[in-house]
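There are two complexes below, and they share chain A, which is joined by chain B in the first and by chain C in the second.
Presenting the complex of A and B:
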């Protein structure tokens, strides 16, 4: 009998068993992997910023503004993979004009617009307003007009006005936390609510998405903070880094526990789909799930951070461990998105066979487009940081200034 | 009723006609009157008076594939690549081991002989198509409402409106949808809506040599579907998902998914 099955399956290269004839094409490609990855980073970075503002974790003040600017840079790119993936991108506005109220996806535009305009931009503007007004007076040429425009006409920087800014900003952050939860929990719901797909259909999906978002956002901020501080020739604030690593550790523990719960729950319930899903994990997702997501992306960074926290390690070593762990976390979370989106399409809904995903290199949904979309937020972040410097360093950590201060002292000798 | 407005003088009326008629003509020619006229042909068709459904008798299907071929012809479904509005699956249930299922080219060219190593308990063919679910997940998830249920119980896609996000394809538990390679919109079986609203049968039903497919209306005593439902044990596919399909199967094995 084995040979017969092999004969039938070999009719279509790459597939095994039986898949419905319309299932040969995978409909949600690499771009749809990138979309939840980017939104996750946005939500995570924002939630991190809110820790400083709402929960008054002052150790992480150096990354507060940087997190918000990073969230903005990634949020600008987040809808692009969706747009590029549409069969008719020119009709995208229909989602705003005639949304189908029963569709989880139709709400995307509104959730996104609310988060971008109602939360993130408003909060950034309130935070930066004093500086923008200052810059609009100091700078010359086009820059001056740019900052003048950015004040939106609100140039009052009296102590009373600043106090109002801070109050409003805190209020928006408080509204922003549930909004960030909504933004990414909602992305999880888009997948979790598809009852036709046993790999996606899970009530835990939005929660798992949310916690993995927090994990990826904090890890991203560790990377952005370390790299930007290095390029700015400043000393790293270890208190801040340690705090970031602690939060990353807590978030990872929760995230890992939730995913393990989901996994055990599926195994224990052992529903109709369990055979094909197990086959998929061992044949198709072994590298991306077992190796990249669990071992490299979860266990290795957990060990790394615990080592740095528990062991008596010099700061230099700690930074190294944090950096590598944060990098591995990114690999892990990207794999998580891959395993959800691509994994959910590798098995047939007949639960009788597996298909393959052939990644194209060029074209709107190809690898190069994906790489472009992953680099784009970094470029946008660079430009934003140049326009609106977010640095909130403590003066004693300024290596360059310290050197300058030492130099004239030597000259006088 | 008395009209108090002063009557238009005949001369004035004729003048108006010469002035305004060319304008009206231009307006109508831009509106693609051909379509309007075509729609008017069926003006006496009352959508709310029908509720279409299909019955499939598995024992009668011989797997000739004529239905799948007719569907491709009638609806201009692309021949190249894997795009099917309807297809036929073959099930071979061995005495021991897992069921073997295949559908080469959707069964359009029939099924090649399979030499099994062991005993075969039974073997049968299952025609598949969109189930036109009363509780359709595709209709629920379409972000713009391009996929919708008609009054007469058919699930359709407006190809001038679909954005091609493919959420409906993910949401369909039956694999009945595909992305049209040229139109870049979701596409699927319409029960040959253009035919049934004129009182004709869907192409697949029309060509079936064994009458394995029965087309009709729910709740009409005179409908062949009524007889089909009276004399068969009926089941639907994946009932646990509560999609309430309107394609009813007679003689479907537990292996059919």
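Presenting the complex of A and C:
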């Protein structure tokens, strides 16, 4: 008898309470966690860039182009988790040929295509055009042909043409902000509109997704800026970093408030699902929600940035606080995505039981695939940065140039 | 006339090329009948209908095998089509002597429906193949055209396997089904005609869980008058797998 019980128990490991048979296994896996995480980074990075272009926040000029290039690198990878998850990447073009307007998921192709082609690539091209024309004249060999091709034949860099580029670029950014809102708000909309799932079904979902996207995008740019500046042997622009940290703080406060509002609203409404959701939070999601998302991912970075901003802290210390906070924010936002996607499938629709998510290591939806998809945008970013250097440093921050300038002077002495 | 900025020309060409290629691709690749009946290719239904037939249908079998058909009509297998077990038999109806359908003797076919699967409805007879006469063919004891139990089911799990499995690993594992349900011998013999009784009042749970109940001290107790308000126990607790970890 004991053997029978042991066998049965091993058939339903980790489940508690009553769950329906088709709820043992989760259908949306780690890859579906990565998808909103990546699109969030894209939208956040773009919105940050728009602050410089549309809202004239000139302190963040050093990260303006870098943000756009980062957004592009992550946007290229953003649909890959979906393609891997669905398992038939060769069929993806069909969603363009036979658009299903009654399905929010099926319209993703158009939202994505618009954002990639109509906003991001166009803005980058207009912004880089002068440099591309310049490089196409200066470089030699294959690089010369590459940049010549990238000009698309538009080699006019007269002041009038540049003025047009800037105007057009500003116009696209203005169109791009609602587009970025659409891109990530749409991801939240997909989850928020699943009315049968009490963990997802909320009109606040698109707004919460949007603000968490802004938070993650700004934090990502702090990390990318600090790391790239360090490897380029340049001095960091503290005015820029301080401004980035300020925006991160504001966005985090709004995001945290919205999520708290959503949470309190659920508690106050106290629908029939609240018991199982509370059990899920205190049991299955304790580490990822309470510890990783709220304590490590929200409260700790908030304290870190407030300490750096309010206290009399030396720049060195500030940089360290910003870096750690931005890193923790990434942990927090990844946990947020995890808690939404995985959390929404951990409880039974009978509202009486919980299941578990078992992550596979290999395979199309495994951990290694996820790691590859998270590393891929960094590699693409590296290549893009090499091809189209986005650096907009102030000359006085160039440590290497300053050293070189000092060295010959010493030699002549 | 003001000249169009040079950089707009390649962009306009590209936009026209993208839209043009989308329209061309739609014209070439989307089937003509797509969308006529819904978001799919309408011609598909006709193509499927035109596929070569291989199944005859149970009513054709009944024309010749009327005795078996009659036996089956009143049995638990009345809803199972002949060809579900014997395979496609259109060829047999056209040339009865040339093509003889398969008459399966093994266990595999029966286990497709009667092997344990938690998704099957409660009350549907399910067995654990490894434990249920593993070396015997099913039809030694059960006539496939009129399946009957060779003897009355000894245990509720014979039909309520899923509930039984859950209960075995729950806090209620030692509680016999009959503590709460009245399952008469008639129910065991003719489960569809005589139903087992389900408890209707909270007092059934109170027999063990009420404050003053005469039961083991480890069993969680509640005040039957105040606990749960107007709800009855099983509105919140699933009795075959009570959630509480107290």
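FYI, the second predicted complex is superposed on the first by the 398 of 413 C-alpha atoms of A that agree within 3 Å, B and C clash if a C-alpha of one lies under 4 Å from a C-alpha of the other, contacts with A are read in each partner's own complex, and residues count from 1 in each chain.
As a convention for this text, contacts are C-beta pairs under 8 Å (C-beta built on N, C-alpha and C of every residue); 3 or more make two chains touch, one makes a residue touch a chain.
Since the structure is predicted, the reported quantities are computational estimates derived from the model, not experimental observations.
Q: Identify the partner contact of A:98: answer first if only chain B is touched, second if only chain C is, both if each is, neither if none is.
A: Both partners.
Q: Where does A:122 make contact in the superposed view: on chain B (first), on chain C (second), on both, or on neither?
A: Only chain C is touched by A:122; chain B is not.
Q: In the superposed arrangement, does A:165 touch chain B (first), chain C (second), both or neither?
A: Only chain C; A:165 stays clear of chain B.
Q: What is the contact status of A:88 with respect to chain B (first) and chain C (second): first, second, both, or neither?
A: The first partner, chain B, only.
Q: After superposing on the shared chain, does chain C or chain B touch more chain A residues?
A: Touched residues of chain A are more numerous for B.
Q: In the overlaid three-chain picture, which partner chain does A:18 touch, first (chain B) or second (chain C), both, or neither?
A: both
Q: Identify the partner contact of A:108: answer first if only chain B is touched, second if only chain C is, both if each is, neither if none is.
A: A:108 sits against chain B, while chain C stays out of touch.
Q: According to the stated criteria, A:195 is in contact with first (chain B), second (chain C), both, or neither; which is it?
A: first
Q: Tell me the contact category for A:265 with respect to chain B and chain C: first, second, both or neither.
A: In the superposition, A:265 contacts neither chain B nor chain C.
Q: After superposition on the shared chain, which partner residues are touched by A:352: those of chain B (first), chain C (second), both, or neither?
A: Both partners, chain B and chain C.
Q: Go through chain A and flag every residue that touches chain B in one model and chain C in the other.
A: Touching chain B in the first complex and chain C in the second, residues 4-5, 8, 11, 17-18, 21-22, 98, 100, 352 of chain A appear in both lists.
Q: Hey, which residues of chain A end up touching chain B in the complex?
A: 1-5, 7-8, 11, 17-25, 27-28, 82, 85-89, 91-92, 94-95, 98-100, 102-106, 108, 190, 194-197, 344-345, 348-352
Q: Show me the residue ranges of chain C that touch chain A in the complex, using the header's touch definition.
A: 5-7, 9-11, 14, 18, 22, 25-26, 29-30, 34-35, 39, 117-119, 131, 165-166, 168-169, 173, 238, 240-241, 243
Q: Considering the complex alone, what residue numbers of chain B touch chain A?
A: Checking each residue of chain B against chain A gives 81-84, 87, 89, 94, 96-106, 114-118, 128, 137, 139-145, 161-167, 169-179, 183-185, 241, 257.
Q: For chain A, which residues are in contact with chain C within the complex?
A: Counting only chain A, the residues touching chain C are 4-5, 8-9, 11-12, 16-18, 21-22, 93, 96-98, 100, 117, 122, 126, 129, 152-156, 161, 164-165, 352-353.
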